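Next up: the structures, one after another.
Same chain, two partners: subunit A is paired with subunit B first, then with subunit C.
Take a look at the complex of A and B:
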């Protein structure tokens, strides 16, 4: 009786998963006149290739540092190293990702695929902000909703509402809220500040775009994790709180010594689920920003889809998927190890 | 005495004020959506400057809805979503529950290994298999009315079949079946009932809660599908509601129509949620009672 189910899982989860790994070592495209070739680690090298290059400022014949028009020292051009320079063959085809000054000289970090590097960093920022903030806010809401006062169910129902709405719909609504001209957020801010704070194009500004997507994502999903915390809270026996009250425990003490220890398993679960969901961020980006402005909201999955589907580069998209899976797996193992039961 | 009563009252007011403030944060975009869907574009944009944005005031009508139906085959998209979601939920409940039944009650060789492989797929995010699954789906065979054909793109089956069975649904059924009293099943075996009879006559009638949970979770996932249909459905005839949104972003952007379409595809789900909110919340909560 388990046959059909096992077959379907094998066909549509395990087989594609194995395919992802195999395809990542080839040059497979969705439709191609040429036969597929095995290319070894070429896809991984192309995506993850990085190098540093430390350069001294350009000096004139007298040994003085040449200054560029803006008054900063002038450095040799990166292109002279990455384009057809036989002495630096390993840098061929790379582009500048970022650079930092180091005394007089300057170190350039070069990457073979700068956009993917930005996507990696953005995704990590996204996860590192969303996981703790959403987890903590959800716990706060769960504690708030766990009190016994009249009408509390109405509030619980409302806080959970965004969870049942599609992330696509939510993203569109928030595009309206974040709009640079008639957006609700700008109108609210200028009403509260009597026009003192200038309008911001939240999704059009590289400094605010990722933060705006993060805030909306938390708003949408926090109710989900509130409910999971809530079910954890309800497993804690009320007699423990009664005992604490008799002993004269303060509110903080009863949270610290009764509630929190009782929620440990829930905490691990919430953290792992949020992390997995956050690493897979896609729809928000696709609907709200398309990865822009200036690649400030590129993410791993967005890149995987853009290449694997948009550019029909199945092997490139598969390679990104495998990298994502390795990251997700290592982080959930790490989280389990950190939160393991200490004997 | 009077002071402490006042104090109590004040604290209660503060509590409710906090609860209401948070409720406003969660609900305002949805209220804005529905109210805006009733207004002409010009008024909609002007109203965002004040609280009128959240009120049904001014030139209220259903014109945006009629316009949305004219702009895109809305009814077709809704029907596609209903078919895909309904069929997947039904097949998922049947296949996942029978599989879990055999994992829990029937002794067969290799069942523990297969169950642990199925549960291990829980840590594979769909996004990491989407691209190879696209390649596989573009080549799969199918025997239909026009004989043997290859390639599943642009069909209902490509949106349904890969999502029927998943690790989480099987996990939910397995957990639930393990808690059923095994004496019931043993007694039925002794009396000579077949496994299928036991599944149908004994186990299913007791499985209301887990069926509701699994159905709700699957419903939310399927109705809100976006990434997958975006990739595998280019033909209008099979497009679900979320992908149908693209029609409203071509050429001139009419916000009123967009809001009408968003309301149209969201409000029924919200109504369904409000009607069954206890079951919805219980279904999410039950995903949390593992390990």
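Take a look at the complex of A and C:
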């Protein structure tokens, strides 16, 4: 009986999983006349290679610091270290990721793959914001709709609706909402502020693009987690609340002493599910920003697909997937350990 | 002072009237048992006193103050639930101290009060366990501990022993009785078990369909039931009822008979009777004895249950109706044998239709 299921799982889950790991150690391309070669950890070095370089300002013959046109000290060009400089062979091919000043000198953090680093950072920001905010918001909604009020099902439906609609459709709609000229959000803000707040191109501005995608993502999936919280809430016996009421517990105290401890297992589930979903963020990025502007919304999965299919670098894409797998696995294990039953 | 007065108390859910006007006065320190079949509204009445259900009409006074609209915590009551309702994620100590934690008592005060409650209930060794490691009886002990630790003036018990097995139920029943004597607080206890009602109560309130049938001490209710329902509800095995015809009326002395009952004159305590009318004669099984001769009641033995110290005989009377007799000795009655039964008229009860 398990035959067909095992076959399908093998074909579409286990086989690709094994393939991704194997391919990440090769130079396989999607379509290539050249034979596949085993390249060891080259892909990982290429993706994760990082170095720092501390430079002193350029000084003129008199020993004074040379100033650039904008009045800041001038530093030697990074390219002179990373391009064909035999003394700094380990920096060869790297690019500047970011830099910070330290006294007179300036430290440059170089990465072999700056776009991937940005994707990594953006994904972590995405997860760190979405997981707590979405989880808390979903719990709040679940508490609101876990009441016996006439018409409560209408609210349940409204909150759950975005979950049912395809994320691609939702993303397209939100592109209109976020539109820089006549988007709903801009119109709303200018109407409320009587035009005092200038219009913002939410998805076209590197400062607001990631935040906009995060806000929309939280709104879209909050209903799903609300339902999980709700099921957790309904496993708590009403008699416990009555006992609490008799003992004189206030609303907050019953939440603190009865509801929250009773939701512990649900909380672990919700947290892990949101974290895993957030790490896999792709569709919103693909539809709304394509990773831009200025790579401000690059994410890990978006990069994996962009490389594997866009650039036909299937081994590079596989390597990113494996790195993502390791990250998600370690974070899930960590969360489970932190939230474990203490004997 | 924590006397409780219920006057004209009513509860309805839409058109469904669950409590239809109940008047009860409970003195300070009294142990009152609400008893009745399931669905009679006894639990609802208790929950109304606790403040867990709204009062649709009438007045509820606790300690002389009208508490209809006060939340449970301001009524000074503690409640023990049938399902224990102890918090699964807390230790026994934390459970017992819950009310004190809510009230914001200091750690030392909580320690002292919990220790005292644990001593009274003999559960010092359980304090650091979790509810999942406790048996049913121990859990109910924890729930009682949580109730007594705040020293409330009124205790409410909602069928606290129904989830326990028979042996444990008897132990806990005695403990609750002792607890009442030790604390001297007013207690209201809801049960459908008439043995619990008879053994624990200072005063029993028999309820049926949201109405009080009779209020009184256990023996008052047992010996002078106000109606057939109360008579049938208290006592085990329950009272036999025979449909009889009224043959003569002389003041309160009524002479009744039927096809299997020789005429007998009963001093009726309740009801009104007319010659030629119908009535119900109630006789407790314990007051029936096999007659040497013909006896007042005639039938055949249909079933005997020998319990050693007691023998329960089911007799099919000559008019076809069943009758139970309980003898306080071991005896053998072969099935199908003719039997005559006799009773003292003063120990029978007569109820009008």
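As a convention for this text, the second predicted complex is superposed on the first by the 343 of 343 C-alpha atoms of A that agree within 3 Å, B and C clash if a C-alpha of one lies under 4 Å from a C-alpha of the other, contacts with A are read in each partner's own complex, and residues count from 1 in each chain.
As a convention for this text, contacts are C-beta pairs under 8 Å (C-beta built on N, C-alpha and C of every residue); 3 or more make two chains touch, one makes a residue touch a chain.
Just so it is clear, the structure is predicted and the values come from calculations on it, not from any experiment.
Of the two partner chains, subunit C is the only one that A:243 touches; subunit B does not reach it.
Counted by residues of subunit A touched, the larger count belongs to B, out of subunit B and subunit C. When the shared chain is aligned, no partner comes close enough to touch A:202: not subunit B, not subunit C. In the superposition on chain A, contact of A:14 is made with subunit B only, not with subunit C. Contacts of A:301 after superposition: subunit B is touched, whereas subunit C is not reached. Once chain A of one complex is fitted onto chain A of the other, the partner contacts of A:28 are limited to subunit B, with no touch recorded for subunit C. Applying the stated contact rule after C-alpha superposition, one finds that A:230 touches subunit B and leaves subunit C untouched. In the superposition on chain A, contact of A:108 is made with neither subunit B nor subunit C. Subunit A residues in contact with subunit B (one complex) as well as with subunit C (other complex) do not exist. The touching residues of subunit B, counted against subunit A in their complex, run 12, 15-16, 18-19, 22-23, 25-30, 32-33, 45, 48-50, 53, 95-96, 98-99, 101-103, 106, 111, 114, 117-118, 121, 123-136, 138, 161-167, 170, 195, 199, 220, 223-224, 226-227, 230-231, 242, 245, 255, 258, 262, 265-266, 269-270, 273-274, 277, 280-281, 284-291. Of all residues in subunit A, only 237, 239-240, 242-250, 253, 257-258, 261-262, 264 touch subunit C in the complex they form. Touching subunit A in their complex are the following residues of subunit C: 50-52, 71-73, 77-79, 81, 83, 85-90, 98-99, 101-103, 146, 150. The touching residues of subunit A, when paired with subunit B in their complex, are 1-2, 4-6, 8-9, 11-17, 19-20, 23, 28, 30, 141, 144, 147, 149, 152, 155-170, 172-174, 176-177, 182-184, 187, 219, 223-224, 227-228, 230-232, 265-266, 268-270, 276, 279-280, 282-283, 286, 301, 304-305, 308-309, 314, 317-318, 321-322, 324-325, 328-329, 332.
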